[in-house]
Each structure stands twice: as C-alpha cells, then as structure tokens.
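Order of writing sets the labels: A, B and C. Residues in every chain begin at 1.
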Amino acid sequence: MQKLRQWLITSDLASIAILAIVILVVMPLTADIFRLNLIGKYLSYAFVAVGLVMLWGYGGILSLGQGVFFGLGGYAMAMFLKLEASDPETTKIQSTPGIPDFMDWNQLTALPTWWEPFHSLTFTIVAVMAVPAILAFIIGFAMFKRRVGGVYFAIITQAVALILTVLIIGQQGYTGGVNGMTDLKTMHGWDIRDDSSKYILYYANAILLFAAIFVCRMVQRSKAGTLLLAMRDKEDRVRFSGYDVANFRIFVFCLAAVLCGLGGAMFTLQVGFMSPSFVGIVPSIEMVIFAAVGGRMSLVGAVYGTLLVNFGKTYFSESFPQLWLFLMAALFIGVVMAFPNGLAGVWETSVKPRLLRKRVAAAAQPKSPPPPPATLPTTEAAPASPSGAGTSGNVGPATA
Amino acid sequence: MSSSKRPEPPFSPDRRKFALGMASLPALALPFGAMAQSFPTAKVNTTGLAVTDKEVIVGQLHSATGTMAISETGSIQAERLAIEQINAAGGILGRQIKVVQEDGASDWPTFAEKAKKLLVNDKVAAVFGCWTSASRKAVLPVFEKENGMLYYPTFYEGLEQSKNVIYTGQEATQQIIWGLDWVNKEKNAKSFFLIGSDYIWPRTSNKIARKHIEGHLKGKVVGEEYYPLGHTNFNSLINKIKLAKPDCIYAVVVGGSNVAFYKQMKAAGITSAKQLLLTISVTEDELLGIGGENCAGFYACMKYFQSLDNPNNKKFVEAFKAKYGAKAVIGDVTQAAYLGPWLWKATVEKAGSFDVDKVAAASPGIEFKGAPEGYVKIHENHHLWSKARIGEILADGQFKLIAESPNLIEPDPFPKGYQ
Amino acid sequence: MSAADIWNIVLMQGFAGLSLFSVLLLMGLGLAIIFGQMGVINMAHGEFMTIGAYTIFLASTLVQNYAPGLMPYYFLIAIAVAFVLAFGAGWLAEWALIRHLYRRPLDTLLATWGLSLGMQQTFRSTFGPKEVSPTLPDWLMGSWAPVEGLDIPINGMFVMGLTLVVTGMIFLLLYRSRWGLRVRATVANRVMANAIGINTRKTDRMTFAIGCGIAGVAGAAFTTIGSTGPTSGSLYIVDAFLVVTFGGAASLLGTVASAFGIAQTQSITEFFLTGSMAKVLTLLTIVIILMIRPQGLFAAKVRR
C-alpha cells in the first residue's frame, strides 16, 4: 500500500496515468462539445510542447521555429482535405472547376503537379511526418555538424520560420496565401465538422499524444537520452569520450519536428483550416512558452502547460481583451525569472517532497531519475555569484 | 427557454458603462415593453437564439489587439454607436440590444474560435464583425455550419456570396470600374501602373482593373507589382514607376506599408503636381497614419467620405464625435460598419423574427434611408447597392468630394468577363 | 527613353540600394552591439524603436502647439531625446530583467519577448491602437532634384547621414573609449576581465542601454520613411534579425557587410523582379549562405 502511494507520487508513469484520466475521462465529461473541440485544438499544440521538452529540456537546443514543422504537417493534411473539398460539383461556379478555390482566384487553370500526390491519404500521412523530418534533418545537419547552437541556432530557426511564411504568403496561387486553406469539410467522405467526429478526433488526438509521450519517454530512458543530458551539460566531455554530438542532436531535432508535424495535422483536422499564422515567428515563440510554463524537463508538464496557457489566453481575451497581452507578458517574464522549471519544477521542489514526508513514514529517496530539479537547463547550475554577470570563459553566442 | 440559462457574458469596463447607459433610459424603454408583447419571444425566436422578452444579444467580433486593431477600432466604435442609437429609439421589436464583444486579436484562427463561441455558446442573433478577407474566410464555414448571421463591413474582393453574410461594404467591381472610367474620361489616363500588397484583395482588384483597362478602356497596363504585407521599402518600386511613366498609378497597398509607400513617393518627387494616382485603399483612417500632407492631391475611390455633405452624414459625424471625441475620424469602412446594425434592425422588423433563416430570406430589398452615405438597399446577392465616389486627399487628412456616380451601382460579386 | 533618363534611373536605383543599406544598418546596429556583448538577442528591439518613433510624434505635437516657429529644427533635438528615452528604458529593462538571466541566454530571448508584448500593449493603451502621423519638417520630406528627371530623396540622405554618424560614433566608442575597452575585454574573456577589475556588470548594463538607445534613434529616423503605431517596431525587427544573424556574431564589421549585402541583393532583385519574388529570393540566398556558413559572414574566432 505504501508502495502504491510512493509510486503515485514519484513515478512518472503515474503522472502519465493521471494525465490520461484528466484528458480521456474528466475533460470529455465536463466540457461541452465546443469547449472540448477547443481543448482538442490545445492538445494538438501539446505535441509541439512535448517535442520541445525533448529538444530544449533534454537536448539544450532552443528552436524558435517549431511553427515551421507544425505548419508543414498542417498544410500537408490541409492539402489533402482541400482537394477532397474541391470536387468539380461544389466548385462549378469557378472558371476552372475541380481545383481549390484559391487557385482559381489566382488564375491557375490546372492543379500543380506537386499537389497531385495529396489525393492519396496514405501519401499525406507519410508526408505529415516525413516532410518536417527531412527539413529538420537538413537544417540540423548544416547547423549541428558545424557546432552551431545556443542563441544562434534559435535565431536561425527564426529566420527559417520567417522565410517559410513569406513563401507561403507570396505563393498564394499554390498555398492560399494569407487566408490559408479554409473550408475543409470531409476526409474520405467522413464529415470532420460533425459533433460526433469532433469526439472521435479528440480521442484520436489524445491517444496519439500519449503515444508520442511514450516514445519520448523511451528515448529519455535509452542511452541516447542519457547522452543528450550529458551533452547539454558538458558537451566537450561527451565529445572527448568519442561520441558524435551532432548526430544525437540531429536525431532529437528530427524527432521534435515529426511530433510538430503530427500536431499540425491533428490541428487541421480539428479546426478545419490551416493558415500561415501558425508558421511564423510569433506562434513558434508562443509554443516555446507552453513548454516553459509546464516545465521544460517534464513531458507531462508540457501538456499541462499547453492547456493552462491556452485556457488563460482564451479566458482573458474573452474577459479582459485590453489586458491579456499584459498577462501574456507577465507569464513570459514570470516563468523565466521565477520558475525556470515551470509547473513541473514547482511540483518537484515544493509539492512532492512535502507529500512524501507526510505520507511515507520511511525517509524516501526523493528524486526520480533524470534532472536535479534546480538545474538551469542551458548552463551549469552554479548559484549566482556576486558578479552576477559572468559565465564561463566565453559567452560567444555560437558557443552557449 | 434556453436563453434564460445563458451564462452572463464576461464584463468589461466598457460594457458596464454601456449597460448603465441603457439603465438610464427606463422612461423610454417602458412603452416599448408593451411593443415586445405584440411580438412574443416564442414567436420571434423559434431557433433558440439569445432573445428574451426584454433583450436580444448580438456579437461583435473584431481585432481589438494586434496589427489589425489599427483598422478595426473604427468599426467597433461605429457598430457600438449604431446599437446605442437603436436602443435609445426603443430597440428591435421592443427589445434592447446587448452586445457580447470578442477580440479576434488579428489572428484568423482566433476569429474562427470566437465566432463559434458567439454562435454556439452565446447563441447571438447576429454578429457584426471581421475586417480582413482572411478573417472572413476563416469564420465563413462556421457561420454556414452553425447558421449565424454576419454583417461584414469592409470593401473586399468579391468572388463570394453567402446566405449567412450581408456585405455592407463594396465588392470589387463597385469600387473599381466606375473609378477607372472616371480617371480615364476626366483625367485622360491611358496607361496604368498597378501596385498592391500581396494578398487576395489587391490581387483580385488589380485583376479586375487590368481587364477593365485593357478590355473596355483600350488602355495599357505598364506595370503590376506586389509587395509583402508590412513591406517598408519602396524605393526600387518607385524607380520602376519612373521608368514606366504611367499616366496613372493605381494603388492597393494596405496597412503599415501604406505609410512607407506614400512617404517615400513624396520624397522621391512623385507628388500630385506631377503624377496622377488613384487608390482604393486609403480612407480617413489610413490618412491618420500617412499624414494628409504626404499624399495631398491624390484621388481615392470609395463609397463614403467623412466630408460628404448631406443631413444624414452631418448627424452621424456629430454623434460619432460626441461619443468618441472631436478628433475621431470616420473612414469608409467605419461608415459601412455603422450600417450593419441598422440594416439588421430593418430586416428583423420586416421578417417579424430574429430567426436567421427568416432574416436571411427577408434581407433582399431592405432599404436604409438614414445611411450617412445616402440611400442603400440590399441586393439579392446580399451585397449593397451603393454609389461610388471620388475624393481628393487634402492636407488635413480629409477628402474633398470630386465626383460621384449618378446612380446606385449594382453589386456583382462574380463579374462575368472579369475573372 | 533617352540615355540621360536611363542614367538617372541607374543613379536613383544606386541610391535606393544605399539608402536601404543605411536603414538596415541603423536598425541592426543596436541589436548587434547587445548580441556581440552578451550573446543575447533583444526581442524587444522593435519596441525600443517604437519608443523613438513616438518620441518624434510627441515632440512634433508639442512643437506644433506651443512653438510652431521651431518646426524646422525640432527634429534633430527630438532624435537626441529619443536616444535618451530609449536608453533609459533599456537601462531599466536591464536592471529589472536581463541582469538576472545572464547565465541563461536562451531564457533572455523569452523574457525580452514578454517585454515586447507588454510594451506593445502599453503603447496601445497610451496612444491608441491607430497609427499616428508626426508632422515632419518640410525640408525633410521633399526631394533634391539637381537635374530634370533625377530626384534624390532628402529623407533617404538624412537617414544615410544619421547612420554614418551613429556607426562612426559606435566605432569611436568601441575602439577609443574606456567603455569600449571594457566591452572588448568582456567579450574576449569575461572571467579574466572580471578578475582584473572591470565591473562587467556595469559594462553590460551600459551596453544594453546604448543598444536600446540606438534603437530609439533608428525608430525616430524611420518616422520619415515609415509608419508610427503600436506595432510598427515589429515591421523592422525581422529584417534587423536577419542582418545580425547573417553578419555573424560579435562583429560589427559583419553587421555592416551583411546589411550592405542584403540591401543590394534586395534592391537589385526588386528592380528586376516583382516585390514578393525579390523578398523570397533574398531570403533564400541568406538561408543558403547560412547553410554553408552557419556562423554568419564574419564569425567571431572563439575556441569551441
């Protein structure tokens, strides 16, 4: 019995189980279908946050361009759905029936060849994961092999996000431009807008999310996970031990990208459209804050963080439209300054030890595997020295 | 009645003031309560909308934050004003209008989310909102699926028509063709340089303009250029214009780019003394940011200018300034937004019902004689019959009316020969 | 089209490229200094520029109402005021936020992003969501036409001159002043600099504030060519990022070179292609070069 209690408090499997109950049982029972659909939308962002835990928390690599991969996955799915929504019958008012409406508005008279494969659902599902992975591989290969990291990597990913946005907006005949791809209706004849399909999509999304969490957990527990942590904290020593640091980083970057792609596809299915406003710099940074609020070291925390920030955003923008930007600002600054490990950090350092003391008579070992809770993820966890400003030898941006 | 269980809409200071304003009108409201009895709620609301014996709830969905707040603020204010005036005059079918305001935050998915919230949770009888084409495209499927009613104020690209939307701004052909005819005839413009921000409205507008110039005016298009939204450097473009030497520049640039475009044109010596320019994207609102002195003498083609000299408009401008300060300006879209609630009121009263299907069906033929722009009427395709007008930009940020179309122009969102 | 016409266009196009170069450089400078010193990108850079722009607006309103006679001259003074205000705001931000985060440069990105959101909403609440238009002195807004058909924008020349002055001053400060010595020492080896008695903390704050001050100057100058509104800063920030990224870390020279390269690529492609295509082409070039040289054009030589 005591063992069970201790397990509930310390094991990460238990925390996943609790999250599962919250998402699979509590939410669907308490929220109406409109709110549930919103939660489903938030949970599709959670894929990105989970990916960021792996990339940022474990890998020590901050990408401010995760929206790119989210967008690629989302657009791949949207292209499939848009093709299905643009059959000649419903588009007969156009000058060229049978092609998506935005192509017609931009004087395209035939479907571009690179759109053709998206008639196939199988191809689309593969593309949802493969396209982000390939792009992540290219970027990762170019950057990590040359030992670019830290802030510099963050800015380059931002540049990529910007470029993709400009491309999508500029090539509106092929992509729908600023408007994005709207009015998506069915998937193989199955109406994705019905209430019943919203439920199905919600559950599909939730189950995929848990699968993602388990995969990430597996990676964390494997040798690769240990090495990632080691690299984050003392890159040189890992390198001197004979490991190729870059390969692990490329791997985790691709993994995060695939998760983003999945999230994007689930987003498109649940919301019914995709637009470039998910690709750019702003959404990418917002997604980072989801992970930061939940705790950049905790997979489960990232999901809670995503839910919390988005609930907050929806609630505050409904109630105090003038104030919500201030609140967002406070959230960003507050989390970074006061709770660098987010909700999960608070749980680890304040709540859990107390619970353990109360409930477990024997002096339990408080720590569960990976990080010491106070770890500051990007550099050594030395307490602030009086000089306050210095880190080690060089703060050259390419080395951080 | 499901509406009685409807959760209280969240409070904002603004809304509270508004509610107080309504409370101070009991003397007026009382006799109209009697009117509500002749339209029992069970009869005027058969679809579970948020309508009670005393009030009807509508939604307002614009960007109060983000980049689009620049443009949408005017619309928010005008709709508020119209609703207040309607309430002061006794409301609709004896019911006071109550507003639930949502912020689209310049983000299209947020628009879709909030639209759904308004229709599904708040069960609003009508929504006044959206500004950009992108936000309208994002909410349109929601309105069609949940069967809501949207009053959309912006001049836009056309190519759309929905049972669930009333377009109170001009569609592209109404704004473009007559204006081009005018510069062709009055200013003898034969060659045109088309410039736009890179999205659907400017592109479609220029497509129509090009067809008209080449097909009907037998003129020439000597250049057509698009720049990303938010682009701030136009020097290369200006050189291209100088190289092409068009009779007329046709500008459909929007947002922050507008300011950069006109300031840099002026600095490069392209002023109204040397060059004819016709724009369809500069209203009094944009002139606040550009500064009238930086583009004085250029022409804009719209359906409304704040300086229009008619009794309706005088009353409207006075009321608007009384409420929002003497410095407030009113652009074309702001006026179109003001029409929304009034048109809805007229339609509901004609239909004798708040039900969306009945309102949509009753819309064609609805007239509004009190419109600041003059008489308007809803066409069968849910757009408005309206006039087109040419205004000359003055240094103080206002327009001088130069010409107006003799008749109301028929809206034609799917123009044959222009696609 | 005569030869003279074509010659004029070539001249004006050359000027357009130079003027874009000075715009990019001016907006990138403040960012580059902070980045070089602390390895941190100040995501609120655009908002510090907006402070400058609103300073001009306030000044022009004041002058117009109380001392219309000063209209032709106020602009220069207002730019100085813009520097002081943005400098002060930067000083404050460093004191309240940044100094607590030097050990976590990635977190600084997020904190300054939060700061930028807060500042934007502050502008919106103070000045209203609509854009404003400061009245600029007449001499600034015209064109200089030495011969028929050749118009050189005066505001372009003004921005160019200002950029020259600011860049010159930065180089002077960096290489001829005590502060510059300290900055260079800190960048080279922070621990050692600390050990020999340089107050790196003070140096950091000064650097951050100066970077923000320059942003203020840039914002003020850009009222002559662009818009003034709560979100105006975000129009520039992206280009500023690119300039700094492309230029490479810790190298002002890199910033100058990258601003020049980007400006020329963009203005030339813009002339021969359509605007959106030009933008894409420019960005793609940047990315491809970054793929080959991820450290940027001029990488700082540090051991890794």
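Just so we're on the same page, a residue touches a chain if its C-beta (ideal position, glycine included) is under 8 Å from a C-beta of that chain, and two chains touch if they have at least 3 such contacts.
Only a predicted model underlies this, so the values are computations on that prediction, with no experimental measurement involved.
Asker: Have a look and report which chain pair racks up the highest count of C-beta pairs in contact.
Answerer: Per chain pair, the contact count peaks at A-C.
Asker: Using C-alpha centres only, name the chain that sits farthest from chain A.
Answerer: B
Asker: Go ahead and note the Å separation of the Cα centroids belonging to chain A and chain B.
Answerer: Distance between chain centres, rounded to whole Å: 37 Å.
Asker: What's the distance between the Cα centroids of chain A and chain C, rounded to whole Å?
Answerer: That pair's centroid distance is 32 Å.
Asker: For chain A, which residues are shared contacts with two or more other chains?
Answerer: 166, 169-170, 322, 325
Asker: Touching two or more other chains, which residues of chain B qualify?
Answerer: 64-65, 198, 228
Asker: Mind pulling the chain C residues that touch 2 or more other chains?
Answerer: Answer for chain C, listing residues that touch two or more other chains: 121, 124, 276, 279.
Asker: In the complex formed with chain B, which residues of chain A make contact?
Answerer: Answer in residue numbers: 32, 34, 37-38, 41, 93, 95, 102, 105-107, 166, 169-170, 172, 177-180, 182-183, 193, 271-273, 275, 277-278, 314, 317-322, 324-325.
Asker: For the complex, give me every residue of chain C touching chain B.
Answerer: 1, 5, 9, 12-13, 15-16, 19-20, 23, 121, 124, 128-136, 141-143, 145, 149, 151, 153-156, 222, 224-232, 234-236, 266-268, 270-271, 274-276, 278-279
Asker: Within the complex, which stretch of chain C touches chain A?
Answerer: Interface residues on chain C, with respect to chain A: 35, 38-41, 43, 97, 99-111, 113-115, 117-118, 120-121, 124-125, 187-191, 194, 200-201, 204, 238, 241-242, 244-245, 249-250, 276-277, 279-280, 283-284, 286-287, 290-292, 294-295, 299-300, 302-304.
Asker: Touching residues of chain B toward chain C in the complex: what are they?
Answerer: 64-67, 69-70, 73, 198, 224-228, 230-233, 235-240, 242-243, 256, 258-260, 263-264, 266-270, 285, 287-291, 293-294, 397
Asker: Any idea which chain A residues touch chain C in the complex?
Answerer: Where chain A meets chain C, its residues are 56, 62, 64, 138-139, 142-143, 146-148, 150-152, 154-156, 158-160, 162-163, 166-167, 169-170, 281, 285, 288-289, 292, 322, 325-326, 328-333, 335-337, 340, 376-380, 382, 384, 387-400.
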